[in-house]
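Consider the two complexes below, in which chain A is the common component and chain B and chain C are the respective partners.
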Partner chain A sequence: MKITICIGSSCHVKGSRQVLEKLQALIAENNIGDKIELSGTFCVGQCQKGVCVLIDEEVYSVSPETVEEFFNNSVLPNLK
Partner chain B sequence: MGNIRKFDTKVQHLKYKVLREVARLAWNDTLLENVTEIPKIIAPGKTPTMRCCVYKERAILGERVRLAMSRKKTAKNIIEVIDIACDECPVGGYEVSDSCRGCIAHRCEDVCKRGAITFDHQMKAHIDKSKCVECGLCAKVCPYSAIRNHKRPCENACKIKAISMSETKAAQIDESKCISCGACVYQCPFGAITDRSFILDTIDLIKNSDNNKNYRVYAVVAPSISSQFQYARLGQVITGIKALGFHTVVEAALGADIVAFKEARELAEKGFLTSSCCPAFVEYIKKQFPTMKEHVSHNLSPMAAIAQYIKGTDPNSRVVFIGPCTAKKAEQMWDTVAPFIDSVITFEELQALFDSKDVDITTLTDGVLDNASYYGRIFARCGGLSDAVVESLKEQNIDFQVKAISCDGIEACRVALLKASKKIGDENFIEGMACVGGCIGGAGCLTHGEKNKAEVDKYGREAYEKTITDAIGILNLD
Partner chain C sequence: MNDLCADIGYRSLFKYGEQLCGDHVEIVEQDDNSSVIVLADGLGSGVKANILSSLTAKIISTMMAENMKIEECVSAIAQTLPVCSVRGVAYSTFTIMRIINNEEAEIFQYDNPHVILLRDGANLEIPKTQINIDGKTIYRSRIKLKENDVFILMSDGAIHAGVGITHNFGWERPDIISYMETFYSVGFTAKTLTTILLDECYRLYGGMPGDDTTICTVRIRKREPMSLMIGPPSNSNDCDKMMSLFFSKEGKHIVCGGTTSSIAAKYLGKKLVPVLDYPDPAIPPIATIEGVDLVTEGVITINKVLEYAKDHIGENINYSKWSCGRDGASMIARLLFEEATDINFFVGRAVNPAHQNPDLPISFNIKMRLVDELADCLTKMGKRIKVSYF
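Presenting the complex of A and B:
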């Protein structure tokens, strides 16, 4: 699974780094590092949804507070 | 209309008008058939306003148009003299003015080792040009400051002595010495020396992207932008850049954070380093201090470092750097940088692009620009790089005592390099900034002012990320 976090200015000030750090921690906790490819991007053109996180091509709106929920609902169940 | 307040001088304004007209036609795909009309648009009618006649004005404008239409692919030099625009200023060297009182002390005579000073029947001093070696001692000792050095502004601006007078008396640039810093461009009162523009490369990149569908065009902006476009808000400038057709805007200062992080490690490892951020400084070392070349940091410049990162995250990207610097136009052609940077324009040229598309940034909403830390952002002014390296050593818990010298302008760089090459002094880090003040003193800035440094520091303090580690933390996505 490819997860891309928007690290453009708008998302950055809404907490991209915190989202990334929490995701990295969750991935490590669940021992699924080999199944997930994390990367960054500058702007996906949907700044109002920030922090934008993409699973493959689909955009999710995540905040530092909702990372865990996002991880449990959208990442874990879709892992192959 | 009101554009003059956007620039320091009328020469910049003239250059801007040429760029704007070239860009306007280029956006509309009508440049080739209308290019010869541009001089007439800028100098209409029959009454000259700048030169002896409108025909000379237009001939010079034709040359300006040619340089405004330069292409990276074919350009060899960046800074060029427009021969017909050079007013061939007198080059008298040291001369005695009317202020000479014909005193009896004759300090000028006593200090002159060449015996070049004589006195007329009124006891006034004269300089025998066949003996004078232009050392300037007489001028220094005269209590009336009656002796002045009449040097051409271009020669005076070029502290590395790359400019001289040709046989035809026009200024000429010695390419083996020129570091493309642009000091002469900013100082020539006739605008006879100018930097090539690559706005056409930039416009092509945007147009051929088809609204960023074929590939995405990223603008990387230098942190000195915080001291520019003072008639509008920074957020409006960012929205304006996107309105030109860029996919997004990224801070070069984030590249500076990367550089600070790596430079701290490299310095601790090697024990002595000269900075690699300023391309004019690096070029100066290559040309004048070849023995010091091995000490130049192996880091890419902040511009190239962030562009390299962008190209890593998005292989289908093009990167245009927007900054205060004419030397960056040369840097984009270096083998180490060319893969990452597709075009370079200055703030002057960005203003021309805005107006060529009738983008009035004062009417726009605020965009966001926030990628870097305080430390990355203060690279824009002299001393910022050293501060950032010290900070990064601390953040990385590296025990290394930095003794930095921040060289403010190319003359200070020369002195520091001279000393270091002879192993005089105990400094272990030379921060070289070719422009006085650092990047905020760059020749491609719209305006230069006393408050610019304070503006950069203020912008630095507004950064969302407070440490270098946090700013680049987002990049460590492995």
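Presenting the complex of A and C:
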């Protein structure tokens, strides 16, 4: 699975760094580092949804507070 | 003509307890390649010294820049300066350095510590001839400039640093020379060399300078062009035009902004790869594109660069932060402040629809103002700036 986090200006202001750090921690905790490819991207053009996190091509709206929820609902169940 | 230019940086320490400096540095540019630098030290300290040195520096620099003779400048000052009611004299010492076509320097010195020249890492005593004007002994020199020459102009506060505190007789000129020789080969800018020397004076004075102390460093260096692009063009049909103009420029290329770097990557046919690393948590990560020297985020990064720029032309206390930082803002600061001499800004006026959210601390006006302010600061650092809008 490929997870891409937007690090554009707007998402940065809304906390992409915290989202990235929490995701990295969760991935390490669940020992699924070999199944997930984390990367960054500049603005994906959907700033109002920020912080934008993409699973493959699909855009999710995540904030530092909802990382865990996102991880449990959208990442874990979809792991192959 | 050659491809040299003069990097000039100066700063002063105020005598302890004074709110004004009795030393004054004035720089007048005669043309693109010639300038006149005057460092004057007024008698006494405080308001009186400040007025004497400001008048002296202003008068001499203006007259010299108009190619008037040194004799006329000196007698003009003698006739103009107000006479001190306590001491009965009108007095301000001065050092004049005139850079001619970036090829030669003409130096006139009156009672300030003699100018230090470091050439190829070592001290070189500048040959002087003595002239007398209205009973004043003035030393005149003329010397060919060489790349990497470092000239250090100073007021006597520098050589008096530490008298009776850390040194019995102060910090003498040979001590300053050997201290500064150790920093020669690092390639510091004039402003940084000035700060290094002044910080040492401040330390020797025990934090309480007994006299106004001024250092002005002139470093002869090669011109270094650089280009920075920020923002997509207001008309998206102009992308190719903007890119081809930008990439045809000589020297290093910096691209700022997410959308802008995507356009640049597309134009070059290369991949845009963000680096997920936060050396400074406040600054968004940088990215890489083959063929571009530095790719960063836009407004937040440039805003930080502007903050560093404002500090660099003033107190220069953030130097330790950006001089070795690995974040985008520090990297831009190093390239623009230290490496570049001629900077071309390519500014796209497109309004980013994503930034129109009123909750965000980013607006189109802020972006335009950032570039203007940064260009202003860089001009004050002595850089040649050209801004083109698209």
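The rule we apply is simple: the second predicted complex is superposed on the first by the 80 of 80 C-alpha atoms of A that agree within 3 Å, B and C clash if a C-alpha of one lies under 4 Å from a C-alpha of the other, contacts with A are read in each partner's own complex, and residues count from 1 in each chain.
The definition used in the following text is that contacts are C-beta pairs under 8 Å (C-beta built on N, C-alpha and C of every residue); 3 or more make two chains touch, one makes a residue touch a chain.
None of the values given here were measured: they were computed from a predicted structure.
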Query raised in the report: Who does A:S39 touch here: chain B (first), chain C (second), both, or neither?
Result: both
Query raised in the report: After superposition on the shared chain, which partner residues are touched by A:Q48: those of chain B (first), chain C (second), both, or neither?
Result: second
Query raised in the report: First (chain B), second (chain C), both or neither: which does A:L20 touch?
Result: both
Report summary line: Residue overlap on chain A between the chain B interface and the chain C interface 5, 7-10, 12-13, 16-17, 20, 38-43, 45, 47
Report summary line: The answer for chain C against chain A in the complex is residues 257-259, 261-262, 272, 274-276, 278, 281, 284-285, 287, 297-300, 352, 354-355, 357, 360-362
Query raised in the report: What does chain A use to touch chain B in their complex?
Result: 5, 7-10, 12-13, 16-17, 20-21, 38-43, 45, 47
Report task. Would you pull the chain A residues touching chain C in the complex into a rising list? Result -> 5, 7-10, 12-13, 16-17, 20, 38-43, 45-48
Requested in this report: Using the touch definition up top, name the residues of chain B that touch chain A in the complex.
Outcome: 218, 238, 247-251, 310, 313-314, 367-371, 464-465, 470, 473-475, 477-478
